[in-house]
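Both complexes below contain subunit A, partnered by subunit B and then by subunit C.
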Partner chain A sequence: MTKPPVVHSKIIVLAACLLLYPLVFSDAFYRDIGVTFLLAAISASAWNIVGGYAGQVSVGHSMFYGIGAYAPLLFYQHFGWPPIAGIPIGIASSIALAVLIGAPTFRLTGHYFSMATIAVAELIRIFTGTWEFAGAAIGLQGPAVARGWWDLTFRGELPYYYIFLGVLAILLYVTYAIEQRRFGYYLRAIKAGERAARSLGAPVRETKIKALVLSATFTSVAGSLYSIKTGFIDPESGFGILVSVQMVIIAALGGAGTLFGPLVGALILIPLQTATNTWFGGSGSGLTYILYGGIIVLIARFEPGGLFELWDRIAPARWKRSHAA
Partner chain B sequence: MLLDAQNVSKAFGDFLAVSGADLSIDEGEIIGLIGPNGAGKSTFFNCLAGDATPTSGKITFAGQEVTNASPETHARLGIGRTFQVPATFEDMTVLDNVMVGAFLRHPHRNEAREHARGIVELTGLNPVAHLRARSLGTPGRKRLEIARVLATNPRLMLLDESLAGLTPTELQEAIRLVRRIHEMGITIVIVEHIMEVIMTLTRRVLVFNQGHVIASGKPEDVVRDETVITAYLGHGHQRRRGDP
Partner chain C sequence: MLLLQVIVGGLLLGAIYALFSSGLTLIWGMMNFINFAHGEFVMLGMYVALLAVVWLGGGPAVFGFAAAVALFILGVVVYAGLIRHVMRGPMIAQILSTFGLALLLRYTAFFIFSANFVSLPQTSLSGTVNVGGILMPLAQLVSGVLAVALTIGLHFMLTRTAIGSKLLAVSEDRNAAMLMGIRPNRMQALAWGLSAGAGGIAGALMAISYPWSPSVGETFGLTAFVVVALGGFGSVPGALYAGLIVGLIQAVSAYWLGPIYKDIVVYALFVALLWLRPQGLMGKA
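Up next is the complex of A and B:
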């Protein structure tokens, strides 16, 4: 299928900006923001498949993120495996959990589904905090010095930036491919009205579980990338509720259920978060909660569809046509 | 026989919404279900569409038992339905709404789109095909629901008050559309309060009251039935028709 040139050119400009960013902003501080932005965009885009497109608002996605984050360091610490080997194990475990969780919780709808996901994620967080094998409350550490490239332990941010960018590109392509297929249409139909979707022959439960599995896969990869980069993981930074909430807020801010919505959300939220942390030092971390709360209120009150929806409403017709094309 | 519902009952707790209803439909028929609000016709209709599971009784479609089958299975077998309150996918365009239906028989996007375009054309939705469903008024949404079901290539269409709330001109257009669908060989069951629709379109009518089928037969006979007049139509209806 061919897309109009205007869309191609927008994607090329976006890709060029992302590719050149760390070269233009070579300061470690800005590169770190770039890496954090990409990681947030990957997590939110992964959440977006099930939370945005299918409208199944999971607030417990940290369960997959945490599993992905723990797997590489767990196998490194106990068996000396390179952390990269833990990524597929994290993915497999997340998929298994997605199926296990999806089967009963997808019988629930709306807030009940959201609450069930929070409960499961919290249970896992509490359990991990007492599980000695996983480092309990202290957590796990990765290799301090790289034994080889396969340890993915680099001195600077640049290699991480491009690895994360590559993963984001793959994820966006997968999401785009979903959008174009029957699966994507069914997801949007389920979000709009399950009863009507079923009456048209859409296999609702199967479609939701597939979406959750895909979403869990990429969320797990995001978690693995995080722990490999930071070389450390504990229950809070892996399974904490803030991890899940951040995914929801970023996607909702930019536009849940749109391809580039999570990117836009991350582009706004991450610099904002970094700014509050920088301005207020250590005491700024508490501000993150206030920031999240404020954004939730603003989105819910003024623009439930996110910034993409706002654009759709206020942009001049000429721009809208090229955007919709 | 295309659809056969035998002795269908549906209870909600102690309340019996449908009690021992029978309905047999031959391929190519148009049948009307009428009755006062709360008479049980929508519940019976939901049982036929797979949206509700009968408490007792048996429903077969094209020789296959569907009593406990899911709505998805009903759709796959060829039973399509509309909703009393239109349940269009609001943020999707009209064409995309129809494509969701078309995907049932055409898994590939281009084929589904081609099929959906044909249906959009047939149902007169072409001028609004690119608009989001939420920008349509009630008549447009009801038409879109019909188009969406039509895109699933149904053998039986269940229309739940799809012609209610239309202006006289829109009503005539909608009646023409239903006729056209019927001419395509699709069997139709209509739940409707507008007697003009029932009298114009259907050849057989079932009248529900308090969960029971109280009368069935040709529309012109049913409207003269004293039980039906007392339970539903009222004597004013006869006077309007100019009957003695």
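Up next is the complex of A and C:
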């Protein structure tokens, strides 16, 4: 299969923009927005594999994010391990949880699946809040001082920016590879109609669980990166329902089930969120969530396919031709 | 004796759970639609009760009625403005619509009323009564009994009246109902009004005895899911039994294990139930 060169050139432009961004905007404030954007894009793209492509709308992905976020600081706190060692432990635990909950919850479809995922995530959140070993409601702290590259603890934002960008690139490549393979077709078949997919011989349950495992892996990595960078985690910022909601809204805003949808969503939402936080100061977080709610309702009501679909409909024919060429 | 008191208290709170959950189960059973903002309806009912006491004065009859009417209207507006349009859309739009609504309502309440806990000023329903050696606050007793009565009333309305038959007709076969001269949109709007109204009045009843903040909606929403999952989707009598059971389990686990564990026990029960019997304890297989 030969890919049209025009798509390649667009990706090169996008990659160049992302690579140069922190060098052009060297102010700490803008670099911080960049890092937040990348993290949001990573977790939304990870959600997208199971929530977007397979159409299984999980609203409990914070369970994997939280596990990933807790693992590095938990082992640092109790055994003095470098936080980076917690990343594989977080991944392994998230995969175990994905397999454990995937088997029974995937018997549920549609709303029921969403609800079951919320319940599991909330259960873990409340439990973590009472678990002394994990710092209970207060949470855990990471190393106070930066130690070096081997530890992934840096003082500035720049190293984190490029590490996160690398992870995002890997994730997008994996998603792209899935799109091209039989596995990707299975996922889209399940989204279009589970019974039809099964009757045509698609291994529905196996495919769903594989997708969840893959999605959980990257969500867990996103959580680990978050806690290593921030050096702090508590039940709300790890397992809170808003963590899951943010993944869903970012993917849905750009276009769930499209390769670059989560990227577009994060590109719109993260600057908007930073702006409301900055303009309204301390009371800003409340307004941010009012904004979140309003955006979600408007997308659901008017553009359930996300902004990608809107673009497809309103973009002039000339653009569409070059897009489809 | 203390345990008995805990049990009665749990059942009285469970009666209120039953009332707001019957609203959720009505929509769920009738339209196969889960309203993630249902807990927010209950929370708004509490604030409407507070505003009614401050502005109108009067007792529980006044603010209970005010909460029911205000939330009924909100339910109809939500249906007409949002739900009607996403009902036939893709699954993600259905889930996102009420999720977004929940965030919108919750954080607007935060913005207006702040995150502080508030409670209703003392009403005429103060003091305790002694029922066979068990001391119960009068307010809890009255609101619990009233909640049971309203839930049973809703059940009778759905099963014994012409309006109820029309609602059921639309839920069974929308097109056939339309051919019989029933307007599905009007009936579904009514169902949303009743559902939100039940949530609102339950909130007002709970506001008499318990302080609250805008964040209670999330807990109530999840509680309602548990109750509906336990009682069977679409079954009002199921919601009544299940509400009482959940109230009882919460009270007893708070008494034996400590207050933090009451929600853990209930959610764990819920997850176990979804796995073992996705159709609910009393639901049809």
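One rule holds in what follows: the second predicted complex is superposed on the first by the 319 of 325 C-alpha atoms of A that agree within 3 Å, B and C clash if a C-alpha of one lies under 4 Å from a C-alpha of the other, contacts with A are read in each partner's own complex, and residues count from 1 in each chain.
Here is the rule we go by: a residue touches a chain if its C-beta (ideal position, glycine included) is under 8 Å from a C-beta of that chain, and two chains touch if they have at least 3 such contacts.
Note that the coordinates shown come from a computational prediction; the quantities given were computed from them, not determined experimentally.
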Contacts of A:R107 with subunit B and subunit C, given as first, second, both or neither: second
Touched partner set for A:G193, first subunit B, second subunit C, both or neither: first
Contacts of A:Q180 with subunit B and subunit C, given as first, second, both or neither: first
Touching partner for A:Y289 - first (subunit B), second (subunit C), both, neither: second
Contacts of A:P83 with subunit B and subunit C, given as first, second, both or neither: neither
Subunit B versus subunit C as contact partner of A:A119, first or second or both or neither: second
Per-residue touch tally on subunit A - higher for subunit B or for subunit C: C
Partner chain in contact with A:P203 - subunit B first, subunit C second, else both or neither: first
List of subunit A residues in touch with subunit B within their complex: 1, 180-182, 185-186, 188-189, 192-193, 195-204, 257
Residue ranges of subunit A in contact with subunit C within the complex: 51, 55, 57, 59, 104-105, 107-108, 110-112, 114-116, 118-120, 122-123, 126-127, 129-130, 241, 245, 248-249, 252, 256, 283, 286-287, 289-290, 292-301, 304-305
Complex interface listing, subunit B residues touching subunit A: 49, 51, 70-72, 74-76, 80-81, 83, 87-92, 96, 99-101, 103-104, 107-110, 112, 148-149, 152
Subunit A-touching residues of subunit C, taken from the complex the two chains share: 33-34, 82, 85-86, 89-97, 99-108, 110-111, 218, 222, 225-226, 229, 260-261, 263-264, 267-268, 270-271, 274-275, 278
